[in-house]
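Notes for the one structure printed next.
Note that the chains are named A, B and C in the order they appear, and that numbering of residues resets to 1 at the start of each chain.
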Amino acid sequence: MHRNGSFRFELSGTLAVAALMGVAGYAVFFLAPTERTMGEIQRIFYFHVASAWTAFLAFFIVFVANLNYLMRRRPVWDQLAVAAAEVGIAFCTVVLLTGPIWAKPVWGIWWTWDARLTSTFVLWLLYVGYLLLRSLVEDPGRRAVTSAVFGIFAFLDVPIVYMSIRWWRTQHPEPVIAGGEGSGLDPTMWRVLLVCLMAMVALLVLLLRQRFRLEQLRGKLEELRLHIGAKPTPRF
Amino acid sequence: MSAEIASVATAGPTRSQTVGVSLRLEQVSKRYGLLYALRDLSLQIRAGEFVLLLGPNGCGKTTLLRVAARLSQPTSGRVVLEGVASETTASMRTVGYVGHQTLLYDELTGAENLRFFARLYGIHSEPLLEEWLRAAELWLRRNDLVRTYSRGMRQRLSIARALLHDPGLILLDEPTTGLDQSGLAWLGGALARLKQQGKTIVASTHSREALAELATRCVTLAAGTVVSDTQSQHSAQQ
Amino acid sequence: MGIGAATYWILAKELRTELRTRELLHTTVVFVLLVVVLFSFTFEPTREESRRYGPGLLWLALLFAGSLMLQPAFIREQNNDTLSALRLAPIASLAIFLGKALASFVFLTVAELFLLPIFAALYGVAILPVLGEILVVLALGTLGMVTTGTVFAAIGVQARMRELLLPLLLLPLLVPVLIASVSATASLLALEPSMDWTAMKFLIGFDVIYLAASALLFEFLLED
């Protein structure tokens, strides 16, 4: 009964996110105006930027979970951290893939060492390191503590990396879109971007929830195994 | 602070100022991943007792000693050292820990090792160090690197390191391992003297014979819990 | 016992050990030297080109050397479980961190002092006129490296593949240090030497942020 209800809730949630993604897709391809200089390819911008912001949100969740784990020592915070890190890397990968697809026709090159793209790449490397570290520490308690400390160090690095690259490495002109104040994004474009962002965040919540629950089930399974396996055997 | 240091400084290996400390473990569990090293273990050790921890390898002896020394945080349960006011670092003064490994720097000499750890405890008395080096029968080899020491010499230095600051509770993890007859005799003598001073001693071993004569109590562990706890016949007069 | 005194004793112990074995110093110096020589084969080391690539080369060599040296420096405390002895002593865990990090700072600085004249001679860069400034840049960059590196070494000792893991965790984090240090060094080695104050402030900021984070978080890594 309960399980059935939860399944129905699960299904309707997934369908809602799918519908939202559909709306976002429709908005991007049919509602957003075609950009004057870049043409159709510019439409990738909506997914690119929305994924980037969503990835940052995910890594922020990792950071908050890391802090909470160190202060409270509840396994749920560790489970949330790993779930958010994995989902964040997925969104980050989307950013890194859509970037070159967009850059090639517009700038004529696959990759530019521009501040945003490069710092996203460094960010991606940091969180891949986070998962790598987790896979190399055996004991769950140690794994949670060490990866929490590393996660906090990595998150502190994000703005520093961005600033360093922006100040010293960006030889290219300001990115055409969303380059700060004065880049003047069309109001319709803004609205489409917001819809896209909502869809991406909804997707994040959905994936995060699934991944988190999987991690929780894993934890419970470990507990059960422990319960069966490690019963003290009387020797006397 | 300075008075405290002075009192420790005058306390040589034979003149102890600290009395034994009692140790109480309340439903202590320690988990490493899927494994319980200790499981709901409760144990009360009174001041001045000499407890022998017995049991097969992997039964939780080392974990128990590390938890008692506060090197490990129990997953659940409580460790209480009585005679210790609070959980400050000063309370650590009361624990002397001899680990399975030597806890010594191989690339320093015997004297340098002792001096380094003495400094960390705020002890600056050279005569005290000399007394300990002589007690450990290492005075003549004091300027040789620990790397060149035999197992027995390392063990003696390791025990001297653990006792430098005159702790009330002494925890020894398998202190008899790898010792020859003379090494065992030295260890027996040292522990007998500590017992006489009223120190609380907990030593793990898998060979009951070596220290059985000194022990007042034998606690046997299996799978992280106490399975037998007997007062030994030697403790009848206690 | 005060943090200062405890840090001093740990640092002194580290230096004494290293003076005796010279393991870390020798391997680090030889490694940086090797990298500097190998780099000369990857481009035409004329004066012009050297000025362009030299600073980056220097810092990459140092970064790699640091990320290789910091793990063994920490593992020393694990060989005989001396870390437990340090934790039993009535000293703050911050003192353990500071002692280890300062020792690594000294080792790396010695390696840098050795490397600098050789680098200058091989690539024909004029270092003497800006020696003081270069040393400050080296000190700030090295401080950032050993601060984060010592924390990550304490993480690494609890993992498998630790020697390989440390560079993987440390190098992406040090990207800002690399960028700022290279920029500062490049302006000092330019035809008309100048001080890149933005880079200096940036390095100081990095060092302060991570020193604070390390001071707060290091003790979590020691507990068992």
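Heads up, the rule we're going with is that contacts are C-beta pairs under 8 Å (C-beta built on N, C-alpha and C of every residue); 3 or more make two chains touch, one makes a residue touch a chain.
In this text the structure is predicted, and so the values were computed from the model without any measurement.
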Does A-C or A-B have the larger number of C-beta pairs in contact?
A-C
Averaging each chain's Cα atoms, the one nearest the global Cα mean turns out to be C
Distance between subunit B and subunit C based on Cα centroids, please, to the nearest Å.
38
Determine the centre-to-centre distance between subunit A and subunit C, using the mean Cα coordinates as centres, and give it in whole Å.
32
Geometric centre distance via CA averages, subunit B-subunit A, whole Å:
50
Pull out every residue in subunit A that's touching 2 or more other chains.
138-139
Can you list the subunit C residues in contact with two or more other chains?
223
In the complex of these two chains, what residues of subunit B are touching subunit C?
66, 69-73, 89-90, 92-93, 95, 97, 99-108, 112, 116-117, 119-122, 145, 161
Under the definition above, what is the set of subunit A residues touching subunit B in their complex?
138-141, 222, 225-226, 229-230, 232-236
Mind listing the subunit C positions that touch subunit A in their complex?
148, 151-152, 155, 158-161, 165, 168-169, 172-173, 175-176, 179-180, 183, 198-199, 202, 205-206, 209-210, 213, 217, 220-221, 223
Quick one: in the complex, what on subunit A touches subunit C?
70, 122, 125-126, 129, 132-133, 136-139, 142, 145-146, 148-150, 152-154, 156-157, 160-161, 163-165, 167-169
The answer for subunit B against subunit A in the complex is residues 31-36, 39, 75, 222-225, 227-228
